[in-house]
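Presented sequentially are two complexes of chain A, the first with chain B as partner and the second with chain C.
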Partner chain A sequence: MLKNYFLIACSVYVRRKLFTAINLMCIVLTLTVLLVLTAALQTLFYPTGVEGKSVRFLQVERITQTNKESSQSNGLGYKVIEQYLRKMKTVEAVAALSGINEVSVFQEERLVEVQMRHTDAAYWQILDFKVLAGRVYNADDFEKGRFVAVISAATAKKLFNVEPSVGKKINVMGQVFEVIGVVADEFHINAFGGLWAPITTFPNSSYRNEFTGYFSALLLAKNVGDIALIKDEIAQISKQINADEPGQWQSTHIWADGKLDFVARTLMNNQTVTDSGAGKLVAIIVAFMLLFMVVPALNLINLNSGRIQERASEIGVRKAFGASNAQLVAQFVMENILLCLVGGSVGLLLAKGVLVWLGSVGIVPHLQEDLNGQVLAYGLVITVVFGLISGVIPAWRMAQLDPVLALKGGAT
Partner chain B sequence: MINLRAVHLLKPIWRRKFKNSLLSLEILLAFFVVFALALLAARYHQLYYLPIGFEYQHMWSVELQTSASSGSKIDAVAYDNFKRNVGAMPEVEGLGFVLYSPYRWSTWTTTYHLPDGAKHFSANQFEMDDDAAKALNMGYLEGRGFSEADEGAPHTAILVNKIFATKMFGRQSPIGKIVQDNKPGSPDARSYKVVGLVEEFRNRGEFMMPVPYLIKRFSPLSNKHRLGAMVVKVKPNTSRLFEAKLTQQLKLIRSDWGYRVAPLVELRKSMFATDTIPLIILSVIAAFLMVMVGFGLFGVLWQNTTQRIPEIGLRRAVGATTADIYKQIILEQLLLCSMAIAVGLLLLVQIPITGVFGESVNWTVFGIATVVSIFMIFSLSVICSLYPAWRASRLSPTEALRYE
Partner chain C sequence: MIKLENVSKTYQTDKIETLALKNINLNVKRAEFVSIMGPSGCGKSTLLNVIGLLDRPGMGVIEIDGKALNTGRDKDLAAMRNRTFGFIFQSFHLINDLRVLDNVELPLLYRSCSAKERRQLAQDALARVGLSARMDHYPNQLSGGQQQRVAIARAVVGRPLILLADEPTGNLDSQMGAEVMDILLKLNQEGTTVVMVTHDERQAKLGGRIIRVFDGQLVH
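Up next is the complex of A and B:
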């Protein structure tokens, strides 16, 4: 039966080449865009590579303090990380990292702008950087406050071109660092940067006494099951900080979030409630994708409905031999989904091409998105949904045809 | 005759109402997106040519990265040190301190009240010292800039922009007027006296919406907080290498601070890049939709002309020329578009009437967007109907009539 449907579908599509081509182009274009979008979201929410442990770590980025009338939301101060987060019982490791700071590096009369981060040694342990040369700094370097720096491949090229960078001295805003390692360029939220140095090389140590500042923390769980425990402990810590902090705030909120929650909380600015807004974010993304499918779906509906007449005799014969409306609807929807799957496969190839192009053109530096199994699975779902949306209405209209009229060829 | 022709056009449209309603819906959606794009572009264009209120050529910004928290004070001597030492550099023509660098994404808003409580609204505010206004080359419509004479005055001196002045004081001259930053009578209300009126001040640059703006005079002696950046006016033709020299000089003054030094032209460039992201995203979506609608129109018109071969044959047989057929098909298409656009405009015109987006969607912008988007949709329709129309008109009447 399915084989018959398949054969009919193929012959119908071959017979009307122009319409098949237009249909296919609509499908391919739509699915390419949606697949690229899916790949981007997949990279954001379930990164591989440098932030590949992201299912096991939680990000703490902001501390929000509220009173009846006012509230303030800041990055974490180092004191929060050192005095509270590092003492947590439920975590395996805690990394501290600063936000990105644009700094100037003076190199032989030249001035190079570099994105700098200050981190601790655990940062290198939680994030899996690819070390291209030398080494990254360890706990000993960090504690002794050695002036050592790790640079990215792009920075190394900018500063030293082809010469080996390890062992070179660089002058960063008046501080001289020794380059001890080069790591591969990365794109992810916590990993992108051009130059890393220990937090302990700050010109003075006042940052250690601050509850608010410009740090964030990564908490690595021993296993995925511990994540709920960590969140509970963070809630306790929020209360403790509220009691200890001299600012007399009524409440203090700190959240440890996975990737999706983190992005949702930042976008929705849900800094004072437990719900990160992830559900809403996913709903918005799905709604946007559906909306995006509306116009091409309208095209397909229109074109397919226009072919009722052309297939009137076929429908009439099938009905005369006892095919039910449901059977006919199923057949036409299947045909449409089949076409969508063909379009989807072409779209997949194009999406791959677009991703390679985006990666090479450098609009977003060091972007490394790819199509993995999960993206393929989402792509399949999107294709089938699109096939259903665009196929059901014309199929239903076709199936409604009166068999007598249809056989006479007089459908309008 | 004219009536008859219109009926002839409308009838075939009505006969295919299912298909045409879907097509109109599609055109409507595309129209909305193209309209939004045109609206945004027109607004950006308009904003670009409004004054920003300060000079960015030959200006550098130095952001101070101190270890102390932002609430704490910098010694008045420190400000003085910077001014003397940096001011002594041969490239420097003038400098002053500001709350944060222009062309950065910072805003600070507070509600300001009239002392009698008659009016209050939220205004953007900024702070600068006496020299900054001079370095930034701000012009005054009325009154004067800050000066030493304002030190120790009972009310802090402020500059306001035209929007603020009109909104707060109506048509009266704002010079000498008093405003407060809290409800009248509340204990921590501070009062400010307007000393000058400026045309505009938009610290985020060309694409910032004009808003009520108020600039407070900062006094290194009496203010309890600190300013975060320095603006330095340099001689024209100062090279980019001045940055290294300036940083070195700054390090000599305070070695434990960090400095982010950049010419304002560079900050302006990166601000432009950020500000135009929504425009780029919308363009991509609009282009996608236009292509989609193009496919749809082309396909449906092709289908229509194929199905209408007998009808067209008949028309040819009774004397219609090739041009007539051409005209009929293209006119039908334009009529359909006009209907979709009319519905769209009926909905969109509510935006400037109700003023939901305020000044950003004014009538000028709305008018430009309407013309541009109608033009785009019409050209798309015509382009998509050209080939099917040509194909239909080429049929010889005998062939067309035999088709069935």
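Up next is the complex of A and C:
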């Protein structure tokens, strides 16, 4: 039966070249945009590349304090990491990292703007950076406050062009660091940056006493099953911080979130409730994708409905020989899905091109999204959903055709 | 085999109601060859469509092979059409996008039948109409007579109890028409009930029993 449907679909599409071309263009453009978006979301939410361990690490980024009248939410202070998080029993490792700072590097009588992070040594243990040259700093470098720096490939090119970077000195806002390693450029939330130095090289040590600040922490679980335990321990720590540092606030909230929860909590600003809003975020993304499909789907519905007269004879014959309405709907929907799959394949190639282009022109720095297996799987789902949305209504209308009228109208 | 009791059918178009069939009472026995004759627009094809469950009567009872058809469910009617009837149309209604063999297989797609079995049955049916050599051709590569023979192969491939032919020789010259009639008569002799609409008195007489329709009623 499938072969029969396939042959018919191919013949119809080859015979109606203009119709097929318009349909395909519509499908390709829609799916290209959705696949690029899917690739970006996949990179954001799923454990890939430098954040390959993200399935087993949680992120603590904000500390929120509330009382009856007001609330305030700030970045995490280093004191919280040092005094509470590093002492957690349920984690394998805790990494501290600062937010991105735009700094000026004075190099060979030039001022170069670089995005800098301060981190501890565990940062390099939790994130899987690809080291291109030299090494990353270790616990000893961190403890002793050595002025060593790791730079990204892009920064190395900016500062030293083609010369080897390792061993070179750089002047960062008056502090001189020795470059000890070069890592690959990354676009992930926690890995994005151009220059990394130990937190212990901060010009002063006041950060150590700060309860709020601009740090965040990555908590690496021993295994995925421990994630819930870590969250429970964090809930206890929230209460403990509140007891230790009551101030004017009645309650303190810190959350350890996976990637999706982290993004959702940040976007939804759910800083005082357990629910990160991830469900709502996923619903919004799916709704947006469906909405994005509606206009091209309506166009396809219109085009497909116009084919009813052309297919009338075939519909009449199939009904006369025992096809039920449901079987005809299935046939026409499958034909549409087949066309969508062809469009989806072309869309994939185009999406790949768009991603390469976006990466090369530098609109999005260090963009490395690619069409991996998961994106392809989502692409397949999106394609089939699009095929269903745009195919069901015309298929249903075709299947409802009265067989006698169909046979009269479709005389060959 | 076919029993119609007080079957009436009206068509409603805007404010005009047209009575297409009026109180039709008809009995067709197993392996009978019945020809329906009458002037154009008298209701012959409507009667054939009602018998073949392509059209639903407004009133009356239809009994096929001893079973009264009182279901209106599309799925049940489709299954009944698939198992019981084979249709032959004046204008063949072959699907030009499919090869002859695939066209003949079509009724078998709607019943549980393996691809191998379908192919074998379709090849057998084409052999019966003398078109084994044309199974990989497309309908528009065949003459009118050959196309109608393909349509007959399609109609009989599922071994239906009843063949319903609506002016099967209407678009053919006399020689091709005679060939098609020979096939229908042979199928009838093998036990298939045939109900044929025709304008050709001579062909109708070949079948045996003739019933005449005039203004939607049977005339004797």
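Definition applied: the second predicted complex is superposed on the first by the 406 of 412 C-alpha atoms of A that agree within 3 Å, B and C clash if a C-alpha of one lies under 4 Å from a C-alpha of the other, contacts with A are read in each partner's own complex, and residues count from 1 in each chain.
We take it that a residue touches a chain if its C-beta (ideal position, glycine included) is under 8 Å from a C-beta of that chain, and two chains touch if they have at least 3 such contacts.
These numbers were taken from a predicted model, which means no experiment stands behind them.
Colleague: Thinking of the overlay built on chain A, is A:Leu303 touched by chain B (first), by chain C (second), by both, or by neither?
Modeller: Only chain B; A:Leu303 stays clear of chain C.
Colleague: Now for A:Val295: first (chain B), second (chain C), both, or neither, which partner does it touch?
Modeller: first
Colleague: Return the chain, chain B or chain C, that is in touch with more residues of chain A.
Modeller: Here the partner covering more residues of chain A is B.
Colleague: Using the touch definition from the top, say if A:Ser313 reaches chain B (first), chain C (second), both or neither.
Modeller: second
Colleague: A:Ala243 contacts which: chain B (first), chain C (second), both, neither?
Modeller: The answer is neither, since A:Ala243 touches no partner chain.
Colleague: Using the superposition on chain A described above, determine whether A:Ser11 touches chain B (first), chain C (second), both, or neither.
Modeller: In the superposition, A:Ser11 touches chain C alone.
Colleague: Touching A:Met25, do we find chain B (first), chain C (second), both, or neither?
Modeller: A:Met25 sits against chain B, while chain C stays out of touch.
Colleague: Quick check for you: in the superposed arrangement, does A:Ser206 touch first (chain B), second (chain C), both or neither?
Modeller: First partner only.
Colleague: Quick check for you: in the superposed arrangement, does A:Ser324 touch first (chain B), second (chain C), both or neither?
Modeller: Once the two structures are laid over each other on A, A:Ser324 reaches chain C alone.
Colleague: Overlap of the chain B and chain C footprints on chain A, residue-wise?
Modeller: The answer is that chain A has no such residue.
Colleague: Flag every residue of chain A that touches chain C in the complex, lowest number first.
Modeller: Result: residues 1, 3-4, 7-8, 11-12, 15, 313-314, 316-327, 403-404, 407, 410-412 of chain A touch chain C.
Colleague: Which chain C residues qualify as touching chain A in the complex?
Modeller: Of all residues in chain C, those touching chain A are 49, 52, 54-55, 74-75, 78-79, 81-83, 85, 87, 89, 91-98, 102, 105-107, 109-111, 115, 154, 158.
Colleague: Considering the complex alone, what residue numbers of chain B touch chain A?
Modeller: Checking each residue of chain B against chain A gives 18-19, 22-23, 25-26, 29-30, 65, 67-69, 240-241, 243-244, 247, 251, 255-261, 288-289, 291-293, 295-296, 298-300, 302-304, 307.
Colleague: In their complex, what parts of chain A are in touch with chain B?
Modeller: These residues of chain A touch chain B: 18-19, 22-23, 25-26, 29-30, 33, 101-104, 106, 109, 111, 173-174, 202-204, 206-207, 210, 212, 294-296, 298-299, 301-303, 305-307, 309, 397.
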